[in-house]
């Protein structure tokens, strides 16, 4: 079973040289740490930055320089700042190659729910609805089951949707799955996890064809 | 009867302190020369400049710095450059207080024709259609009659339209007129011109009420 | 042009109860601190605020929430604010949540004189309820969009790094965020700047917001520029 | 990121016959001189060119007209070009004239992922023929708008003052004009710059076009930067 770092490491393998990538809050943020150094990858922060660098050293924080999670960050050579209209303009026009974000539920048709739980205080969707509605390629980083042991990979989302038919790939603590017209297709098992365990944790349509390899994350 | 300079001088009197003004090609360009020095007026050039200054001194021309008429110009303290999307954005959102442009024909409902003569080579509308469709206040600088002696202030434009019901005021070699729901309202006569002469030169509905003063242009 | 006013109190003096105000900033970054303080001092009430976030309990728009000056918030994300949550749950505060890009683009639409825009954000979600949808071809595939209307705000209040008396503005780093679009979108736009420089001191190629969009400008003071999530790495 | 290519020939090498190309510039100001020369040299034909103007007889897009490489021009103003007029009258050249602001905004729409925009420009004129119109309230009055579609261009070719290997661009003075919107609007965007500087040499606050929109960049040479209307005043 993967921990959060493991999920982040596995997702990092999906990033290709030359990609512009938008990372959501939580596990997706960790992905930045595992992008191979030799790769040219530019991180977009939707509040208005291309070329997000690491956190600043203590004492070098700049209140004017934050990411979409409101964390203090730095820039890199080649960075650029722009306003939020242009930022979401480049998102809508599909200039961002890959969007990685968390989810509460994903349906086997690619629907995603990650912004609202009825009865709980709603904080808002932020930029998530814009991102999922436009991104060419969306990878979801999530837990396969919730704390009650119930599957979060469903035939249909129960929670209010963030976007429809948009998720392309899911990486959980148990598995890597593609979203296909026929449902979730199991691609890889987490180390030590059996196909049976994944079957039991997946409520949506699950396609298992041939031998399912164990993933390598290093 | 006014010459071109006279028309420009009379139009300059319509400009108020604090105005942002867009000047078309021809007589409107001359208006800039007669804006009183104490007035704060900013000229917009729709290719992407606020704060257009005078022509450069010889030898100081800059190929990167032109106005919408492709003439070399200069900037003034407080000038700003921007792209054409923003330029027409500020025009559409009515931030430009006054637009002054030439016309071939104006109808008594405010329709204007100034971009195309059937049978002649069409050069294009440039920014004129955007300007007339959005401007809060449009003053037309034009000749009252054409070379054949025919009125250019008509009940209805014969030429293809540039915009509909948009002209607010007209300054010609003979008169100053407002465009009202009832037609052209005569406001002022050019020096030495009689009301009768203006009547004879105007084909559209003309409202003449009370004494019509002779204009003062200095 | 000289649009300079003395301070925030003078800049906001004609803001009355029940108007709609846009406030620039993302989180606590690039927010018009001086004008928010002045609005709290003035005690104007019943405000509809369009702002991506609602501040925190003791800073930003949170200060106006504490004094119950806000009737309605139009935002994309309103976490990190306990008083906000209390007023929302008690029904004292109305909230309209919209996608962040939709918020930005509805401001842009107002500033660019476009009455409506089309966006795919929110299609198939509760954001789409009651909205007109329309299909367009995108890269050879039919895709559905929502029609979203330009904002109509009485005032916009923005914060810039540098400005001049014409109202020309330059923003710094990610403090730019929503400020340029809101600057274009207000019927009356007020800009507070960290440094007001003479006309001609700003490079005309580097101005983010041309002065034509700005009605009043002043040099602010005592900027706190609070950091919401101080994250650092070890040396 | 390193999007640098050696020169104009390499930058345009995959431009084939019959594609649609956007070309930045207003008049002869800010036009991609090097790429135009390379297109003439390559001899690619049947092009649809989206450009505000069509150059003059012996410069700018006029050079491509002379060699009969252009099938169709989409422009707002095409005066000052005798060869253009000849081809138009003889039916060799197709021309679509659209308002300048519509041209700029249809580029913006493509770059910002908006399939269509609304503009009042051309309402009630022949520009409106065959187009969908729609009324919206503007400042309390009903006003009619045309729906205009985002451009769909295979290539955009722009000219900037400075650029870096990421494709970040800075334009100079009114040579900015259509270049930033077209840079955003091409499926493939090529930028030629007067000066290519290393990554990090441009102030990130001053970049007009972020590199994400640019696919290839090169430092041009031998810029003529011709002046169309040399107007001066006396000392």
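A few remarks follow.
Each chain gets a letter, A, B, C and D, in the order it is written, and its residues are counted from 1.
In this section, a residue touches a chain if its C-beta (ideal position, glycine included) is under 8 Å from a C-beta of that chain, and two chains touch if they have at least 3 such contacts.
Not measured: the values here are computed from a predicted model.
Computed from the mean C-alpha positions, the centre of chain B lies at a distance of 28 Å from the centre of chain D. With centres set at the average Cα position, the gap from chain B to chain C is 36 Å.
Each chain gets a centre from the mean of its Cα atoms; for chain C and chain D, those two points are 32 Å apart.
Counting partner chains per residue, chain C has residues 105, 112-114, 119-120, 171-173, 176, 204-205 touching two or more of them.
Residues of chain B found to touch two or more other chains are 75, 81-82, 85, 88-89, 91-92, 94, 134. Under the stated contact rule, the graph of chain-to-chain touches falls outside the line, ring, star and complete shapes. By the contact rule set out at the top, the touching chain pairs are A-C, A-D, B-C, B-D, C-D.
Within the complex formed with chain A, the chain D residues making contact are 1-2, 110-114, 164-166, 168, 184, 198-200, 202, 204-205, 207, 210-213. Listing the residues of chain B that touch chain C in their complex gives 18, 20, 40, 42, 44, 50-51, 75-82, 85-86, 88-96, 134. Those residues of chain D that touch chain B in the shared complex are 26-30, 52, 75-79, 85, 88-89, 97, 99-105, 107-108, 119-127, 139, 161, 171-181, 208, 225-235. Residue ranges of chain B in contact with chain D, taken from their complex: 45-49, 54-58, 60-67, 69-73, 75, 81-85, 87-89, 91-92, 94, 111, 121-130, 133-134, 160-164. Remark: chain D residues 105, 112-120, 136-138, 143, 145, 170-173, 176, 204-206 touch chain C in the complex.
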